[in-house]
Every structure is written in C-alpha cells, then in structure tokens.
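The next block holds one structure in the form of structure tokens; read it before the comments.
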Amino acid sequence: MPPSMLVPDLLPQRANIHHMIRSGLEEDIGRGDCTSNIFIPSDAHTICTMVTRHRCTLAGISIAAEIFAHHDSSLQIEILAQDAHSYDAGTSLVRISGNARSILGAERTALNIVSYLSGIATHTQRCVQLLAGTGVTLLDSRKTLPLYRHLAKYAVRCGGARNHRLCLDDGVMIKDNHIAIAGGIREALLRARTHVPALTKIEVECDHLDQVREALDAGADVIMLDNMSLMDVRAAVEWVQKRVPLEVSGGIRYETLRDYATTGVDFISMGALTHSVIAVDIGLDWTGSI
Amino acid sequence: MPPSMLVPDLLPQRANIHHMIRSGLEEDIGRGDCTSNIFIPSDAHTICTMVTRHRCTLAGISIAAEIFAHHDSSLQIEILAQDAHSYDAGTSLVRISGNARSILGAERTALNIVSYLSGIATHTQRCVQLLAGTGVTLLDSRKTLPLYRHLAKYAVRCGGARNHRLCLDDGVMIKDNHIAIAGGIREALLRARTHVPALTKIEVECDHLDQVREALDAGADVIMLDNMSLMDVRAAVEWVQKRVPLEVSGGIRYETLRDYATTGVDFISMGALTHSVIAVDIGLDWTGSI
Amino acid sequence: MPPSMLVPDLLPQRANIHHMIRSGLEEDIGRGDCTSNIFIPSDAHTICTMVTRHRCTLAGISIAAEIFAHHDSSLQIEILAQDAHSYDAGTSLVRISGNARSILGAERTALNIVSYLSGIATHTQRCVQLLAGTGVTLLDSRKTLPLYRHLAKYAVRCGGARNHRLCLDDGVMIKDNHIAIAGGIREALLRARTHVPALTKIEVECDHLDQVREALDAGADVIMLDNMSLMDVRAAVEWVQKRVPLEVSGGIRYETLRDYATTGVDFISMGALTHSVIAVDIGLDWTGSI
Amino acid sequence: MPPSMLVPDLLPQRANIHHMIRSGLEEDIGRGDCTSNIFIPSDAHTICTMVTRHRCTLAGISIAAEIFAHHDSSLQIEILAQDAHSYDAGTSLVRISGNARSILGAERTALNIVSYLSGIATHTQRCVQLLAGTGVTLLDSRKTLPLYRHLAKYAVRCGGARNHRLCLDDGVMIKDNHIAIAGGIREALLRARTHVPALTKIEVECDHLDQVREALDAGADVIMLDNMSLMDVRAAVEWVQKRVPLEVSGGIRYETLRDYATTGVDFISMGALTHSVIAVDIGLDWTGSI
Amino acid sequence: MPPSMLVPDLLPQRANIHHMIRSGLEEDIGRGDCTSNIFIPSDAHTICTMVTRHRCTLAGISIAAEIFAHHDSSLQIEILAQDAHSYDAGTSLVRISGNARSILGAERTALNIVSYLSGIATHTQRCVQLLAGTGVTLLDSRKTLPLYRHLAKYAVRCGGARNHRLCLDDGVMIKDNHIAIAGGIREALLRARTHVPALTKIEVECDHLDQVREALDAGADVIMLDNMSLMDVRAAVEWVQKRVPLEVSGGIRYETLRDYATTGVDFISMGALTHSVIAVDIGLDWTGSI
Amino acid sequence: MPPSMLVPDLLPQRANIHHMIRSGLEEDIGRGDCTSNIFIPSDAHTICTMVTRHRCTLAGISIAAEIFAHHDSSLQIEILAQDAHSYDAGTSLVRISGNARSILGAERTALNIVSYLSGIATHTQRCVQLLAGTGVTLLDSRKTLPLYRHLAKYAVRCGGARNHRLCLDDGVMIKDNHIAIAGGIREALLRARTHVPALTKIEVECDHLDQVREALDAGADVIMLDNMSLMDVRAAVEWVQKRVPLEVSGGIRYETLRDYATTGVDFISMGALTHSVIAVDIGLDWTGSI
C-alpha cells in the first residue's frame, strides 16, 4: 500500500475509508464508463482543478485526492488547500493531471464526498462563530449516517467543534431508565463507578432541576441538561457554580444556539451538525484539453 | 440467511446493505454499550415503537427493521407503515419487542438511516407535488454519497420521482468534449451507435439552441438542455415538438422548479434531491418498562 | 497497488480479477510447492517464454502476466503479443525472468486461464470468419461459467464478435410468459416502456411469424427469432424489411451458422461460444537454466 | 447457516463454493432483472423442473440446488438425481417450486455450472468405459480453470476416474531440472526423502527408458513415463514388473487412450478431462403457470 | 445467523470471533479429514463429552461450543459448565451428539481454544486468590497475542481480575517522553486535559518518588508506580494517602505478587497473565460408539 | 503489494499473515493512540532497536518487521538477526527509524508476536538439545492456537524440530475406532490403501504391543506408540528392528523426554511445544530522542 494521504487522526480508519473509496467508485462506474470508453482515447492526458463554487470550510480534501489516486495510481495529484481552513468561492483545492479517462471515472465520487463533508464543516464553523466570546464548546452527537461516523465527526472537528463521544463504549451516560433501575441517582453513580475501567468518566442526564442538584451531590463527572428551558438552564448554571461541567442538549439549531450559549453552560451539543447537511458546491474545471 | 425483509427491488444490493448494517452497528456500538451493560439486566425485555415526529414520506423502513433483526434475531419486529407512503407526525412506523439491551444497541443506527432516507423521499415528494399537472417527470442525478447510491435512488423512487441513470454504464451521455473529439454531433452519435450494445440509448447534452437542432437531426434518443435560460428552454420545446424527449438540468432547486416545469419539457433532473438532505425527525418511544 | 496491466475495458472488474488471481494461485500452490522448495535454490533465477503450440486468437495475455506479477512483484515480465490478434503455432507470447521458484509457482495458474480464454477467442474468430461478407453480427449469450462472465465476454470480443447483454439488468427481454401476463405483445411493450429508464431498449422474443408482425407494429426495438426454421427466418426478414433489427437465436453451432447468416438477419447469437470451450495448448518454455 | 446441501467431500470447500454462488448470482443479475420486475408479480409462485436434454453423467446437482436456495431460502427444492450416476435425455434432475422471480433470477447461474461439471463427468465416464477390463486407473491433472480446481476434480471423481494430486503441496514430483540440480536421480530421491514429512511419497518423471531403470533402483514410489512412445511404455512395463506403479502422461486424448491402456501400465493421466469441456445441455422446464 | 451462543459482553466481537472459528477450522481440516472420510460412515452418529483433566477456572466454553455448531449446525450441543467458575478434574463441560465426522472435524480446534483461554483464567484466579484480603485489584496489560486481545482479556475477567485498558484509545498514559516534550508533569497534564474528550481520565507513569508528588499535585487521575522497589511503593502509598489511585506495574509474577499487594496500593498489573499461558488439559471422551 | 519480507516457506500463508497483521494493529490501536496524538509531533522522527532481554532462539523476526512496515511503509527497517538462530540477552534484533508515532503505534503488536513465536522456538531448541546424540527426531502436534497453526509450526522448525502433519488432510492416521469399524488392522490398512491418493502414507496408532506386530505385518508406513510405558516402547523397538519408523506420543514433557529418547525410537511428538508457551522478553529500546 502506498503511503496514505489520509490526515493523521483518520489513519486508524484507513481500512474503512479504503473500503468506502473502492465501493464508491464501483457503484458509480459500474461495468465501465461507456461514454468515455467510446470517445476519450485510452492514452489521452489532461489537467483539471477542483474548485469550490461557494465560500466554505473544507473537510475531506485528502480523501477526495485518494479517490483519484486509488482509481489510477499514475495520476499526479497536488493538494492546494487544507482541511479545517475556510476558502472563498473560486478557490482551487486540488490539481489533478494524467489519464483523462481515469480522472473522469473518479470525478463524481470524489466530488460527492468532499461536498458532503465540507457541508458539515461549513455549517459547524458558522455555529462556532456564533458562539464566539461565550466560552461555550460546541459538541456533536451520534446522529451520523451509518458508515460515516468517523468522517462526519472528523468534519465536525474541521469546523471547529469537538466530538461528544465516538460511540457507545466511550463513557457512561446515565438516563431516566438507568436511575429507575438503580433506585436513584446516587445508587446509579455508585454502581457505574464499580464497573467501569478506572479511566472512564460518568455523565448524568437530567430533565429537572432537582436531578441536577442530586447529580452534583452524588459526584457526577458531567451533567447534561436535557431539553430544559432557558430559565431552567440559567438556574442550573447558578446552582452548579462551575463545580462540574454542564452540557445543554436537545433539538438546538442555529437559530436558538446563541440564546443557550449566553447562559454560562460549558457545552452545547447539536445533532443537526451531522444529520442534516447542505452540500457545498464543489466542481471540477478542465484546465487542459483532453 | 433468514428471508430478507428488503423490498424486492433492493434485493440485488443485499450484500452491500448487509455490509452497511453490520458496519453501521459496529461503528456505533464499538467495544460494547457500557451503560446498558451496567444497568440493563441481560434478560430484560421491553416494547418500543418507532414514531415519526413530523409529517414525512417514508423510505427505508425495512432496512431500519433489518438493523434490529441483524443485531438480535430473536427480536419481534412488526412493520406498521410502508415506504413511499406519507404519514402524519405521531404515526407509529415499527413496533419492536424483545431483549432491552439489543433494542438499545441498534436504536441509533436504525434511526439514523431511516431519518436520512425519509428526508430524501419527503423532499422529493414535495417537489413532485409541485409538478402536478405539468406532465413533467422529475429525475435525480449521480450526486449521491458514496455507498448510498442505491439507497438514495430508492428513496427518490419512494418520493415519486424516477432515476436518471444508476451509474456510468447506463446509457451514453455525449458532452462538449466528446463532440469536439468526434468532430461534431452527427459524428459523435454515429460513433456511439457503432460501439454500444443494441439495447442502449444515447443522450446528447446541449448548451445552445443550435446544438439542439443538430442533435435532433442526427437522431439523438434524448436531448439534455444544460443550464439554459427559461426562454431558450421554451424555444427548444417548440422546435423539437415532442419528436424526442427533452431533459432540463443544471442547478434547479425547489424554488425554480415550477417555472421550468411549465415550459413543456419531459424531464427535469435535480441533484439537490440527494446531495442536500434534511433528516426527518424519527424517534423511538418506550411503550413498555424495561 | 501497482498500475494494473489489465486491458482498459476490464478495469472495472479489477477487484474480481484480482480475487480470481489470488484464489487461483492459492488453490494450485496450497501450503507450498514442496518439490521446488527442496530442489530449486531460493535465489535461483531463470528466463522462460510462454509459447502457443497451435495457431490461435489470443485472449487474456495481460491477466496471465498479472498472475506472475501478483505472485512475485520482482519478476520481469515482457508481453510480446496482443489480445484479439491471431498467432501461429510457436509464437512467443510473454517472456518472464526472475526468481525460478516464483515462476514455477505461478506457471500452471497462468497457463490454465490464458488457454481457456484463447480457446473462446479462437473459436469465436473461426465463426466470425465464416460470416464474412454476410453483414451479420455474431453475438454471445449469458451461458458463461460463474465467475467468468466478464472474462468470457471479453474473450468473445477478442474473437471479433459482440456481446448481447452482460446481465439481466441490461435491456428488457419480453418472452412468452411476459406476453401472457400482460395480455398481448402491444400491452407488454407499453408496460415495459412505462417502467424502464429512458435510455433502455426492449427486445421481444418471437416463436412464430405472427408474433414478429405484432412486435414490429407495436414498436419493439429489437426482435428475436427464437428457434425458427430457416424458411421462417427468411419470411421474417422479408416482412420486416430492415425496419427493426432481427436476431436469430437457439442452438446454433458452427455447422449451421452459415445457413442462418445468409438469410439477411442482423444478429446471430450463439451460446456455444462460451459454454463449450476447447483450450488452446499454450506452454512455458525454459529459455535459461535455473 | 442452514445445513449445507453440499456432498460431504466438498464440505471443506464450503466457503469457496459459497463465494462462487454469491458472485455468480451477482454477475448474472447485476442491478436487478428488470424484465421480471416489470412483468412477474412479486408474489407469483410457480413450479419448474431441471431436465437433461442429453444422456449424461451428473456432477454438481447439489451445487445447482444451493444456488436456488441461496438466492431465496423460501424456495422448495427436491433433488431427484444423484451425482456420479448416468441419466438418459429427458430425466428430471431437480424440482423447484416457489417465488417465480426468485427461480428466474437463479436459473441461468444454476444451469451454467451443472452443465459444465456434468460435461466433465460425462466425458470422463466415456473414457473410463473405454478402459474397462484393462486394469488401468484414469487420473486427471492440474489443468483446471482458476477457482474451479476442487469442483472440476470432484466432477472427475463423479465420472469414475481418480485425482492425481490436488495441488503442489501433495507429494513430490521430481523432473529433469531437479535431477540436474541434485546431480542424479539417486541423489534427488535422497534429498527429497530427507526433507518431506514422513507420510509423503515421491514420484519421478522419466523421459527415457534409462531413467526408468535408475528411478526403480533408487526407490522411487511412483514412476511417470512422460510422452513416451507405446513401444517404450511397453518396455518400461516389462522392466518394472509391477515393483512400482507406472503412470503414463502427456497429450493423451480419447482417441489414443485405449492403445496406452493395453500396455499394462497402472495409471494414465489426461489433462483434457478438465481443460476442454463440452457442456451438457441441461434446461429448466416450467411445469406450472406463473 | 442463528442466535449466537456468545456470552453477552463478547457480542460486539462477534464478527472477529466468527472469523477465528471459520479460519481455525479451515487450517485444521485443510482439504478434508481423509481418515474420517475413509472409515467413518457419512451418517454415523455418536455422543461425546468435553472433560477437564485438571482442576481449572473455565473460560471460552461457549466459543468451543460455537465451533462445533458452526462446523455442523445439526449437532446437538449442551453446555454443562459456566465460564468464570472453577471445576475439578473430571468434570464434564459440554456434551455433543450428532454426526460423527462433524464432531471429529471440529474437535481439535474447539479443544485448542478452550484449553488456552482456561489456562489464562486458571492462572489469573490463582493470583487473585493470593491477593485475598489485601484490597488490591489485579489488572492485565496489552501483552496479548494478535487476534486474541478481546478473548484474552475476557479470560482475565473470568479469572476474577479486571482489564487495565483494552487498547491505545482508552485513556491517556503520560510517560517520560511525553513529560519531556511537554516540559514537565504539570504542563503535560494541562495539555492532555485540553485535548481529550470530557469523559476520559489521565494516568501518569512515575519512575521516582519525586514524580509521584508532582503528579499528585498536578491532578493526575491515576498514578502508575513503574518498576519501583517495595520501599518506594510503600513511601508513595504513605504520601498519597488514597487521594488518587496508585497502580504498581513492571515485571511482577506470581512469586512477587503478594509482597507488592501488602503495600496498600490499589492496582497491580501483570503482563504474564496473558503473555505466558500454560494450557489446561481438556479432552473429548467418546461416550457412545460411532 | 511491496515484495514481502516473509521467509520463503511462509509465503503461501501471506494472505493469512497479512490479515493477522492488519487485525492485530487494529485491535491494539483502536480508534487511535490518543496519548501519542497529543504529545508526539506528527512529524517527529526517532530510532529504536528491538532487543531480546533473555537468551532465546528467534522466530518471527520478519513478521515483526512487517508489522512496522505495514503500519507505515515509510519506516526504515533493518533486520539484524535471523530466525532459527540463538542469541544472548541484549542482542539487537531489528533497528527501526522513522516517524515516531508510527513506531509507537506498531510496537506492542510486533513485540507480542515475536515474543510468543520465539518462546516456542526457544523451548523447542532446549528439547532438541536434550535429544543430541540419540538419533531421535522431535515432532510437534496439531495442538496450536486457532489462526496460529502455520506460524506455530514454523516456530517449531526454527527451534530445530520437524512438523508431524500440518492438518487433517496430510496422511492417514488409523486409530482404535477405525480399526474396529474396518474389522482389524489388516482390513483397515487395505481399505485406506484403496482410497487415498497414490502419494500418501498411512500411520497406525497402537496402544498395545500386539497391535504393533499386527501393524508391522500388515504393512503400515509408520507406527505410533501411544501412551506406552518405557518398557513397552523398548520391546516395540526390538521387534520392529527399524523395518518401519516408530513414533512415541502422549503427554511427554521436557522432564521425561530424554528417557523416551534413549529407547531407540525414530520420532517423539510433543504437544507442549505449541500449547503451553512462555514468551521470551523482547523489548524496544529508544536509541534516539523523539
């Protein structure tokens, strides 16, 4: 395997991403691009440039590049922009030169994925900017498309937010059901502490202010304020007095984000960052003749 | 393998969908749901219902059901709604009963996919309704997320539109480059006809009205009007006089759809149906205690 | 992955062909070539040449070469002949030099596949020559060995014939059963036209002359004359008068091919091209000492 | 996995055969059988029977049956004939009833494989009958299509012959090159005996009568007479006097088989049993209406 | 897939364990058990019992059972003992009845794995008993054989110890190198806290008593005393006064375990639990005739 | 694929070993080495050396090297020692230089496997030395961990012993059950000789001296003395007088090995060589700063 272009923190997902690249190309090319096979000479070369048509925060440019490289390892690929940076409309992102049929065969698959991931990063970045000066850290959720968990959460990081947890084995989340089974918040925390590895923290999800006080007293590591009113969130912040981090969660969108951010909480998590994504319009311009 | 719940026209994608289900569960569950393992007794049973929180056109309900079945084949699953139908907020879609840990483990993965696919179907259906009475058929494009090509295009069909082509081996699409290489539209059509299998049609993409006339004369099977103004589209419709189907394409969104639909063209294709998707809010209600 | 030696129109099958190469080597080598391991020094080098023992039309030479390259990427491989060309007995096809154990390990697998595919191409070419001057195009069928569909149809193309359809998703084939269900040829064609993508043609299989007339009137794109007598085929040709392409099909072999070819039909399809294959005798000569 | 229908001695190849079944169905069905999907109601049921059109010795009937079962596990499949038995034209081999689309989808793949394997068994059986009374055992070779090694050798056994060796790790075959490297037949046998596991025999390939004598004296376990004239074979038989088994090999076909068989050798191996196969015509008759 | 016999906390590893079972059977059976195929009638049935020949703590009994079930799903399997329990020599662990060839084919693979895992559990249990009354928790390490990480750590839990961390993504371990790069323990802890998810703790590895004090002051979540003398460990325990958990690590074996346990530390981790394993002698007794 | 570092006689296992390397790295690294990602600059380079802490016979050094190469193909790897050789404590085995994060990520997986395989080779070598001068060949058994069959048997060869058989398809082993079914040793040998390929030998397992005589007379190729007393083994040796090789088997360990070796038998097989393995302590020293 040639040295991967993947950004370092996606390397452990290398096998999954390579599966995605291979299968993505297969489902778009099918049994062959009959149009190119008829018209484009098999040895024709060309140069083209991937360009963003709108201002965006970039995510996934190295994966787009790897799609071309995987399809034809003889293509020359020059990455001109960096994930997690914002670019104006018209900026060139990647320059690809080489066999024309190869470039045409990989074009659509590469554009589809970088448009999607940059869509996540761009909207995340907009939300992060809205939080400027509030001290709040924006978090994502587990609401990602199957097979896109690690890429979507990477795009969220490119947009300037942090991940909440990657999957169900990261940290304990104590909810209503668990508290009922354990017989109370104190009992639930005690039971969790006995079972989890020494290096894992425990978060308690609270629906009412009473629960917040109980969770604080029982020693929760993080407290989630679930679907609480702004007034209740403010009350919780006042009670807790920074003794434990508070996370606001539940149906928050761009429009309501700022209001919650000014309450003094530590974290706001937002499922819409990954479940509803407006793709960035990124295209391929043919610089050279075929 | 137990008889698949997959809708018949997705059966040839069975292996890909099963890979998605397996990998989707793996990436969400990781090394185990430590919270459930601590609190939920391993033999606890419960009943829950998947409910849509908004009015939607459904797509992917059998895949969501298969995610639960794959995770634990002893779960009882009753599908209460049908893909391609529209449902009001509050409608129950699937009822699942059985091992509580199993249901919790598969919940997020199942919801993530049905929310996404129903998002595609719901927006498609809105667009199709806008076309009511115009005689226009709405088409999709190849702008789908890698690994979601067949599911996204299935969701488009659930929403009432038709697919344009599944991938690059379906039909010939003659564009500018090809015409230049062949030395004219007539020459390009001739060359394509010599090479493709007898059962394949040929579409010519036209940027100007002159090309439309040339393509019509040379015997194109379908003519695409690419990024043309409304005025030019109307002129093309008049010239062609239904002798060959006309397709309008290029950056059309919900807002501009109706205007193009009234020109008298046969097809309108719209990339946004699949590249920018607002998930439907679908959740799981716990009917029974754990 | 090193740049593939595969001919361009097999590239989309790259993953399947690589699986075949890997598994083919595994099933021949098993847990190791114990004879070579005992006698051939692990660093012995040699040169050898793949030679055809009979006149043949070549198919699969690049795949045979890839088998050597896959087994040991340090082998020097020089391809001396081209698929789809005919060669006299004694012609050198590939020269391989390098590690002697590696060449011996891959020899049998490489020879087995190129002998088989060239067997298809050679017989196809003989049939095509028989059709010289008749204007008939020879087609193949779906009667190929499982896992060899794309290679067998590629060998048919090397032999100078064209493929009929690659698989069941290519074009609609209306048969007796379908006509009965639909309530007539006209009704069947109408129903098919409503359902298939715009770029797909429809073929009607006819057993009697009456059906040919009906299919012609109803607008079939291609008409198959299935197991008809020479007299009926001639009558059909006369009626149709080139208004739609006619295909003759059903148990035709080399001996009866010419008779059908002189009737004036457009296509003759022949299952025997791929279902009954006499391998070409191709061997490996040891040019250098080990 | 449901209990496999595979004959017991193919069970260790279960994974490979299942891969072949899955991939074979995929390459024939592609993205779906569009004709059936249009015309055959998704709940239509039918009954059909697999019938041989010519007299044949059967091989692979359980694999053909598994193809149907794999495609739709709800099909009812009744196997009516047995591998390694000979049947007259018109004999029913398998009866399948159930979903009509499922039967149509698996039909071609199932027929293609059973026709091929029965082609091997039928020709092998013809050769075995020719050897009747001679005391000679017919053997096959390693000239099998990649991915078909175990199935082809199974079909040879169904035809009444025995396998020579399955692959390169079965037994030592000392040839010219090895003798030259070792410095003589005696030295080569000595070296091999030191290296191979205690339970493995050693065969020596001889081109001249002198070598036969030398190999006999040096204690070879089996002696191969490679491409020798009938006269030389007879001389070898006389010298050896049954002290070690003799195998005749090299370009023997049906026409020359009997002559070699009457020389008194023990084994004749014949590559044509597996490298050039005339498929048996086996078809599917529709007993019931759809 | 039939409901898995796997113990609940190994379910997320289901795919890996099934791969191990399939490949383990393949590598032991190869191209078939030629001895059984010759002597054991293909329909012979028998009953046999898996029995431990020595006193042991059991681990992996359900995986051993699944190996039989995977090889032949018609076998009757009754599990008579439970993982994490200790049994005297002679105890029956599983009773298997059914096809004799199937039982013989899976026997060695099943015994090999349960003997190994029970070897880990048995030695772990011995160590845990040695710690009785000391309040120390025994931990394992990452010194496990590739592909056996999750099974080996499961066996450790069966033996009564706890896992330290499953792999490199579980918790932060700050060592010498990291402290040097960061410019001090305080700086290293600060940097780690900024980067890791909110729910992750941080452990600091200390080689000297000075570092322990520094790590305690800087707020480490856990402190590892690496290769310290008993005297230094006792000093660390006194300084820390239970304000943070202390872990002793480095080359500790059964013989030195008790001495470290009496110092008052919280955790002792021991690589030998998984890197050097004496298999328990577990065999299969043939209760019934074949 | 770059030319493999694998020793030649493991090449046919290349695919399995690469699977082990990939999965081994995945299970140790998980979703990423969070500690290195925080502290080690992504472009930091270092040099380190793999060193044995105890005297050992080496096995698996090229596989350990491939683990580093697989994880990061840009690492410079210099192998300084050879499998099957013995080295004193402190000897450098491999030198690796390059990206520091990459070396840290592969370190544990590489050490775990080379420590285990060298543990097998080291103990085997000790046993082989004990046999010096006795003329006995030490053999292994099928008691290897699933997925480690070929590596464990390779390590046994590195230690100077020979393999008995790789798996169930290598040679026939006639036991009590088989003799009972066949109706006697003579009948069993006759039946086996009719069925197995010409190049396979047959071993008979004897529990009593009477059976040895019977097996000798009936022409067994090898005779196993199963769990016999030293006195009986000596008696068997005397009777057999080297006319057929004798193998002693059954619960033999290092302590009892020498006694059996002096009886004059040919082979002693010992399951403990592979089922109970004390890992060699091999570590990684950081030569350069990070």
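For reference, chains read A, B, C, D, E and F in written order, and residue numbers begin at 1 within each chain.
Rule of thumb we're sticking to: contacts are C-beta pairs under 8 Å (C-beta built on N, C-alpha and C of every residue); 3 or more make two chains touch, one makes a residue touch a chain.
Predicted model, so just to flag it, every value in this text is computed and none were measured.
Colleague: Please identify each chain that touches chain B as well as chain E.
Modeller: A, D
Colleague: On a C-alpha centroid basis, what's the spacing between chain D and chain F, in Å?
Modeller: 35
Colleague: Averaging over Cα atoms per chain, report the distance between chain B and chain F in Å.
Modeller: Once rounded, the distance between the two centres reads 54 Å.
Colleague: For chain D, write out the residues touching at least two other chains, lowest number first.
Modeller: Where chain D meets two or more other chains at a single residue, that happens at 1, 12, 29-32, 37, 150, 166, 169-172, 200.
Colleague: Quick one: which chain pairs are touching?
Modeller: Every pair of chains meeting the touch criterion: A-B, A-C, A-E, A-F, B-C, B-D, B-E, C-D, C-F, D-E, D-F, E-F.
Colleague: What part of chain E is in contact with chain D in the complex they form?
Modeller: Checking each residue of chain E against chain D gives 1, 22, 26, 29-32, 37, 42, 70, 72-74, 101.
Colleague: Touching residues of chain E toward chain F in the complex: what are they?
Modeller: Touch list, chain E to chain F: 16, 20-21, 23-24, 27-41, 105, 108-109, 111-113, 115-116, 119, 142-150, 166-175, 177-178, 181-182, 188, 191-192, 195-196, 200, 275-279, 286, 290.
Colleague: Which part of chain D faces chain F closely enough to touch in the complex?
Modeller: Touching chain F from chain D are residues 12, 162-165, 169-172, 197-203, 221-222, 245, 267.
Colleague: Taking the touch rule as given, give the residues of chain F at its contact with chain C in the complex, in rising order.
Modeller: The contact residues of chain F facing chain C are 1-3, 8-9, 11-13, 15, 150, 166.
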